[in-house]
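Multiple structures follow.
Paired with chain B in one complex and with chain C in the other, chain A is shared by the two complexes that follow.
For the complex of A and B:
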């Protein structure tokens, strides 16, 4: 699955109860009433666990998070930055027990 | 003459016509414009034959249309019924059947929602739509375009007299059980509460409020009415989920007041750059919190993180009270950190036993409120009304006590009491103990059916740590709670489900957590 497809399926499963309806990759989560602040918390938790990136408080802006394609671009950018900086994000934390 | 709710807007339009009433993104609307637009809405309703007492539903997000629609409906003598535009079609259908509204005012979101409904089923004759997609004309209703009806061409106040005891609005409450109930508020209810709030918060025309709570929720409605009454400014931001731009806008607009429910502040503390803006909010005079009990931990952290000049008001109220009942003066907050404070001006709150007798200091009873702000009753539900309103006033359903200084404390809700293994427990005390560990963002403690205990305690929690340990949390609770109050289980989730008001939807919490069958020891297959 591509990054966009993964994000999309997370959104559909968690916020649209499996019914993708009219959601396209550029639909605004807020304007379409898909996520609220609780939803953003879930989305950020998912991004951090799934892709091992850290989302800073200052990054909680619509430009980064308000559609499937924006989230995908944001994660890609984060992973690229992390690779460039050479940060070792693979801390000794198991990935399987991300208790949800 | 006793003022009606819309007179608040008319007064400010007369005294401060060029003052900005509302900011929405790049849009700014003055009091003169706001009042003219409200007059246009009223004129349209009257011209179309809408009669006093008839219901007009609003399906609008916070914004200029909401302001003009709300006061316009009231000017026409009709009853404003703001509903959540994120409702599901089935829920909307039920409310419309309950209300039989004559008209609906909505934006494109509301229009989409209405498309799933046959409007004439509920007697809807008129639709006023902002930015209509025109995809479908509902059967039986005449459709009007907002931009054609609500122009900026001057239109004076019609000056019709409104009886202060007349029904002004219906607000549906998100009850923890059963169908939502429509709280009927009169002009007097709303105006008297508005005046009390202005008095104790010391609001004036220089106040600028950042509104992230929906206006259709009673606390949002109070924010609108209090600021309109004093000629202040409301800045609406409907994207609180993205907290960073909200805080930046607070700094840019010189916001003096911010208001939230407990989840608003939990979110701000843990998922926003609030702390980094401590030196960049010189105008922020105060923050208010209402909408349910907020853990002591969050209050203390807020006092540390907010700018030193920002006063924190902890308040308590109910939709049935047109919003506000009590508050804690900020200078008393440290001393009375767990209190909901004392009654606001014009309101009396007593602690009564089941016979309606006032209990002694320190003894637990039900909080019962009286004052000009207490609702007329529930819309078309005399049985429910009879259960909460009597000669003593409004029975809040909240249990609590009064201390020696007259400060009130809520210990929990009558209908949240859980019977676990013969003990009657209040989840609030347990939630407080869990929050006091400092390891959690938010938590709800619920009773899950158990064949041995009747109910067992399950905590649904959102951890601040990456790898939360239920054992560590529970062992920390042992120092704060007797053993029978320790939850049997903690289920960690990414977030707790909320109503549109930001309050935790307790009924939905169990569904949001991983299923475990309480009748067997092991976990069943999926």
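For the complex of A and C:
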């Protein structure tokens, strides 16, 4: 299942009683009345637990969380960033080991 | 409306006329719809319950109004002192019901502490806390809720609340409003009275109440009044100045909490004007000029008003039926 499909499935199961209806990947959760501010908390909890990323305060904005495709892009970006930081850490640790 | 025309004057009313109108309507509703012989008003020492009680006294007489004082473990002592002062000034009977034992029995405090410990593991005896919201005026985005916890040594922790602890904290806290309402109806039933609710328009419109808690009542005499207008009536009705000067508080959490910290984007005078402007089609530019905000900030407040209306709509709904049942 692609990232978009996973997000979509979470939204449909948790907020639409399993009935996707007219939801498409670009439907605005807020404008369509699919997810409210409490729902956003639930979505963030899902993202953090499922994908092991930390959603910062300043990232709680519609640009990141207001549609299936926005959420998927946001997570993808977060995971890439986390991987980059991980690689840099490995290099740093490796370098330190080498020095010893 | 042109820029410069919009100001707080739009909320100015004729207090004498408005008081007469409300009292006439309360009498009419009591006689034709509610059909109970008096009103119970829960007193918090705040402006809304004080004005509601004063209106009830004017409408049906002080001998037919009873004030309930229902503090709990974390209520401010100020609330009780001021509600006593109000009751004395109106000459109404009051009943004192300390609700901490009832809250203890239903697990309110334990469930609250459990939820807080999900984010602040050391939370316990000697700590105090409250919930505050993110400042959407400074950082536009989805509303986030933060727990502010203070230990005995006055160290303060502020942590964003995840989904589960947030819901449990709110659910546990709602016991307070619901236990109070249960007692209001106990006294209403034993006296053959009805219950007067105390929301102002800002609270009523924006869903700032607990369903079947402070949201429950038989009659809500000030639900059509902006909070600034409630203050105007308070002055006319002779509500003690100390109550009129008191900063609005929720008096619900162990740490003092302003209503604008927990729920509204702006303090009530500005929030009132934004709500009026939105309801009456005033352009954000005119509102911004009057309030010293930017048009973009006013648009954010308008948007927040709409979001709150939508997310709290269910609080206003009666139980929904699969098909209409004619009972009238």
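Simple rule for what comes next: the second predicted complex is superposed on the first by the 86 of 100 C-alpha atoms of A that agree within 3 Å, B and C clash if a C-alpha of one lies under 4 Å from a C-alpha of the other, contacts with A are read in each partner's own complex, and residues count from 1 in each chain.
Note that contacts are C-beta pairs under 8 Å (C-beta built on N, C-alpha and C of every residue); 3 or more make two chains touch, one makes a residue touch a chain.
Every value quoted in this text rests on a predicted model; they were computed, and no experiment measured them.
With both complexes superposed, B is the one of chain B and chain C in contact with more chain A residues.
In the superposition on chain A, A:19 makes contact with neither chain B nor chain C. When the two structures are aligned on the shared chain, A:42 is found in touch with chain B and with chain C. Common to the chain B and chain C interfaces on chain A are residues 30, 33, 36-38, 40-42, 44-45, 57-58, 60-62, 65.
Taken together, the chain B residues at the contact with chain A in this complex read 85-86, 109, 238-245, 263-264, 267, 271-273, 276, 441, 462, 466-468, 492-498, 500, 502, 514.
Remark: chain A residues 29-30, 33, 35-42, 44-46, 57-62, 65-66, 93, 97, 99-100 touch chain B in the complex.
By the touch rule above, chain C contacts chain A in their complex via residues 134, 139-145, 160-164, 166-167, 307, 310-311. Chain contact summary for the complex, chain A toward chain C: residues 30, 33, 36-38, 40-42, 44-45, 48, 57-58, 60-62, 65.
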